[in-house]
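Listed next: structures, encoded as structure tokens.
In the two complexes that follow, subunit A is the common piece, with subunit B as its partner first and subunit C second.
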Partner chain A sequence: MLQNFKTIFYKDFAAFFRSGNAYIILGIYAILSFASAFYFGGYFILDNSSLISFFHFQPDILMILLPAVTMRSWADEYRLGTIEYLLTQPVSYGTAVCAKYCATFLFGMLTLTLSLPLWIISSFFIELDNINILSSYIGCILITGCFCALGCAISAFNKNTVIAYIITIFVLWGVYSLNLDFLLTSTQQFSDEVFAKVIRSLNFSKHYQDVVSGQIGLDNIIYFFSLIFPALWINIVVLEYKKK
Partner chain B sequence: MFNTTKHKKALKNYSLTLFIFVLFASFICINISGGLMLSRWKTDLTSDSRYTLSKNSEQIISEIKSPLYIRIYLSSTISKDYPALYQYSQNVLRRLESYKNISPEKITIEIRDPEPYSTTAEEAQKLGLKSFLSRDGQSELFFGAILGNDNGDTHVIEQFSPVRAGYLESDISRAINKLNNPLRTKIGIITGDLPVSAHRYGEGVQNEWGFFRLLSHEYNLVKLSPLTAEIPYDIEAVIVIPSQKTSFLLAYALDQYLLRGGRVLLLVDPYSEEKRLSLGASNNIDKLLKSWGASVNFSNVIGNINIGEKRITQNRGGEISYTNPLWLNLTPKNINTSISFNKNISTINLRSAGNILLNKQERIKATPVFYTTQNSGTIETADLGLIDENELMQKFQKDNKTYNLSILLEGKADSAFTQNPLQNTGLEQDMLPFLPTSIKDGKLLLIADTDFLTDTAWINEDISGSGNTYDIVSYAQNGEFVLRALDYLTDAVNLSSIGSKQLNTDNLSVSQKIYQKKLQPYKAEYEQNKKHLAEKEELNKVWNEIVQNNETAVNMSMLKKIEQNKQEINNLKENLKKTEYHVRKETLQTIDIITWINVFIIPITLLLFLWIYNFLRTKRKQNKVREFINEYKIS
Partner chain C sequence: MIVAKNLSKSFQDIKAVDDVNFCIKKGEVVALLGPNGAGKTTVMRLLTGYLQQDSGEISIYGFNITENREEALRKVGYVPENAPLYPEMSVFEYLHFTGALRGLSHDDLNISLAEVASQMQLSEVLNQRIDTLSKGFRHRTAVAGALIYKPRILILDEPTEGLDPNQKQDMRTFIKRYGEKNIVIVSTHILEEVESIASRILLMSRGKLISDTTPASLKNLYPNKNMAEAFRLMTSEK
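Up next is the complex of A and B:
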């Protein structure tokens, strides 16, 4: 099983670089991330001990770029007709889904590592809150995990990579802006009422902000994992559904 | 057959939709229950434990009797106009949330947006919140809070400012404590020769000192006469800065007050830089201190090379920087942080402080509060007024001894007097009876310096306002120390232990840091020019007053001097502006370079590395395949 996992994982991960798309995505990510931090995030004027200018825009950037990574994971297999070959191999659907998910997730992590020079450069100018930055990176890793899982699941529904890309962006945007705070009055925003807690518990942005600001809780972790696991499960079910 | 296939497909679609719907429903259920049960439990992943409230703050919250509401006035346009303030506002809201998490049933938080010209803005103004102008100067913005309870007690935090970020917990907890205990503690203050409270001089008004402002905000300060023979019984603690010649009556009053369990913060000074004389050097104070097992050496002033303040002065050769060993910038090594009110105190500035000698007494517990370490020495007080900066180091005698600069004395003592000095005058009948010994444990905090109370020793006057406590921006913790020491003396243990998290000086943005670095080569000249400008403007003010009031006959030579002074002021201003312009230009250039490096050079370099690595890896693989094929062919 592990061998099958490795084979699919390496094949998918290497495919990103073989096609050259990886360099374009990584390049765009680096430029977008740094440019947003420097030009729009107020890197030079805000208290950036936790690199808030950089992390503020990460969900938006990853929301646009990660679908470009995940769109091909299943759609390409359908398009090239290799899905039948893959699924007739002695490999379980779960293993195949996990391997493809891990390949995209690892690529997502690789994109995040491109931001490390900013951490190092900033430490020359200001005293950084490294623990908070680490917490922010955990936040980024969690949203990368969510976006990759959702992207892979959506890719499994489609044969066309472009449609998969567009639908993924649309779904990710929907999840990211799942914010029902407008239903609350100003008092309820901070009150302990059940209704306020219910509304806020579904807010993706709020969970990300909690982690980035250094206030990580079990509810935040549960939220992100409750998106990742069902998305992977849907992915497996869709493969079974398509095979039948 | 066809119908069955269609039916099967529909069933499959239906099951898939149902499956996704069930997963979505379980996602909602899991997160709602997670939010309801777990949202209060958070791990604080910040290096300064920003969101973790101290035990003392938790204690204050647990003491809330009637429901507390916190109404925050936060203008929504702040996010556009002042991004740094908006960023701080989010921190404040999170911190307030952590207060609420401790006692959700007792605390209600409400946010109001005082839109320009709205009734909410009017309300904020009426409540005393401090407004500031929007970037276009068209409307007033607010970021303050009002705390209140059902009893009708309220407390206003006029403005939350990022420069006071370190004091946020202290400010909020103190405000809540005030609502818990609306009756403010009475503190007596005897200031002797020092003009600590607001007063008029000539045509101008001298603002009250920062520490006085801080204390008046927290306590009910009652001024007592330096000739008082008895400290009123309802005074919980007394701050005493003795005058040059302290009366025996005051010494007697303090003696009896301490024996009755009173608490005294006594500041004596072998050399007051403010008054240029010795404060408290009298037999009466000496007698009182002896009975408490302490004495102050007024003939010497303590210095230390390691913690002496770096200063700049001008001599014939130009500007030189030197260390003034008498201006002590105490570090945690010189502060006894095991005392509750010294927790988190890391910077205290003292100026020409004295040495406190201890004579152990059985019933008194003596705890050093501030002390010097290696490379300490002394200089004779008599020399101080006569020597300049150049001679200072020559006169300074290093002896490597440890000197106590402040001592806390607690316990019981015998009276320094044998009887009431007003005995047989008839006045003693209105006084409390003479006590020969303590009937209750008293507390005496003795500090051998008065200059550490002056604003210049701890307040950043360039950015501090003069109106209220929340304006004070400090670079040393002198004010916080006095406040917390008084909290300790008045048994407000919870308040005395709430320390500040950090001082504002570390909280600079990248551009400010770059600006400071770029200013460094010009700093000596810049600071000197600023100092000269302040002096010349002050001189100009005085001369203008003289001219306006016709206090002396104004002659041509004086008018010439005024004109010349004005010219010099203009020149200095021009020089300062030139330096600022030059430094700003250099800062902007550096910012541009950093931006270019990060946005273009780093991504391209990283991608190039990645590409080369991948290229070499593929090449190696290709070679291996080629070798394998060749081997296969040969075989």
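Up next is the complex of A and C:
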């Protein structure tokens, strides 16, 4: 099983570079990240001890770029017809899904490493709160994990990579913007504290902000993993369903 | 040995495969023959677990394809229609990928890779990207990918499509030789191919298995007709 995982993982990860898409995505990420931090984030004006001007825009940038990474994972297999080859190998669907997910996730992590020079260079000029920055990176890694899992699952529904890209952006935007606080105000008279807690805990950006601000807790981790695992499960179910 | 019992598969209201039964033993080269839409490709997809049958069961060397999918598929090498490949890979990378997926060790993989590359005459294009290959080379690469782990069952959908006459002849000779010690199932429209390679014919029409015969018996059935006429009569009669 591990051998199959490694084989598919390596095939998918290498495919980003073989096709040349990797360099385009990495280049755009670097441009968008630094441009947003320097021009829109007020890098030179604000107190940047935790590089907030950089991390503030990361979810939006990843929301645009990660679907370009995940869109190919299954949609391309359908388009090329190689899905028939891949799914007739002695490989469990779970292994194939996890391997493809991990390949996109690792690529997502690789894009994040492009921002490390900003951290290093900034440390020469400003006194940085490194713990907070590390926490912000953990936040970025968690949302990368979520976005990749959702993107791969959506890719499994589609033959067309462009459609997969558009739907993924739309879904990620929906998940990121999920804020049901209005329910609390409209049901103020009936709602109890547990209900209020549940509603607030569904807020994606709140969890990201918690992590970025250094207040990382178990509830944040559980929240992100509760999005990743069901997305992977949906991915497997879609493949099984398409057999029928 | 492959055993298919009461195999049925529908797509919405269309019965693609309707109560098909057969048993194929080692040493047989079986041609799945039939007009377009007869259900040949669907049968192949059911045998390889790519599709799930609505009813019936398939056993491959004792392993039920639904219950023991991975064990059953370890015995099978499959080249789907149009021989789909990963265009950005080189031939070497593709063969390496297929061998690694089958769990071949590094040394075994290198030996097998050299063997199939020579067998399929791919040595000269090993480092070439697949999207730059001609159709014939692409097809041979796909077959080489299925052969790299020496499967006991080889399933080929239209195995000579896109090959030039010499390559076709080589492929047919290879199939015949491989079928001596293994099981080979080919789907084809080319009747001369059936005559030259198959030891058995499963003739399908509208999802049903209308005849399980040999090329010689098929000819004897209509002594004054050639194979093409016999095929036409059988598939239009029933």
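The rule we apply is simple: the second predicted complex is superposed on the first by the 229 of 244 C-alpha atoms of A that agree within 3 Å, B and C clash if a C-alpha of one lies under 4 Å from a C-alpha of the other, contacts with A are read in each partner's own complex, and residues count from 1 in each chain.
Note that in this section contacts are C-beta pairs under 8 Å (C-beta built on N, C-alpha and C of every residue); 3 or more make two chains touch, one makes a residue touch a chain.
Model, not experiment: these values are computed from the prediction.
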Which superposed partner A:N4 touches (first subunit B, second subunit C, both, neither): second
Touch count on subunit A, higher of subunit B and subunit C: B
Partner chain in contact with A:L134 - subunit B first, subunit C second, else both or neither: first
Which of subunit B and subunit C A:S92 touches, first, second, both or neither: second
First, second, both or neither for A:T82, with subunit B first and subunit C second: second
Partner chain in contact with A:A15 - subunit B first, subunit C second, else both or neither: second
Common interface residues of subunit A - those touching subunit B in one complex and subunit C in the other: 244
Parts of subunit A lying in touch with subunit C, wherever the complex brings them together: 3-4, 6-8, 11, 15, 18-19, 80-82, 84-85, 87-92, 243-244
Residue ranges of subunit B touching subunit A (in the complex, touch as defined): 12, 16, 19-20, 23-24, 26-28, 30-32, 34-36, 38-39, 41-48, 50-51, 83-84, 87-88, 90-91, 93-94, 96-97, 100, 104-105, 108-113, 162, 506-511, 513-514, 591, 594-595, 597-600, 602-604, 606-607, 610-611, 614
Sites on subunit A touched by subunit B in the complex: 17, 23, 26-27, 30-31, 34-35, 37-39, 42-50, 52, 114, 117-118, 121-122, 125-127, 129-132, 134-135, 186-187, 189-192, 194, 197-198, 200-202, 210, 213-219, 222-223, 226-227, 230, 233-234, 237-238, 241, 244
Residues of subunit C touching subunit A in the complex: 45, 48-52, 69-71, 73-74, 76, 78, 80, 82, 84-89, 97, 100-103, 142, 145
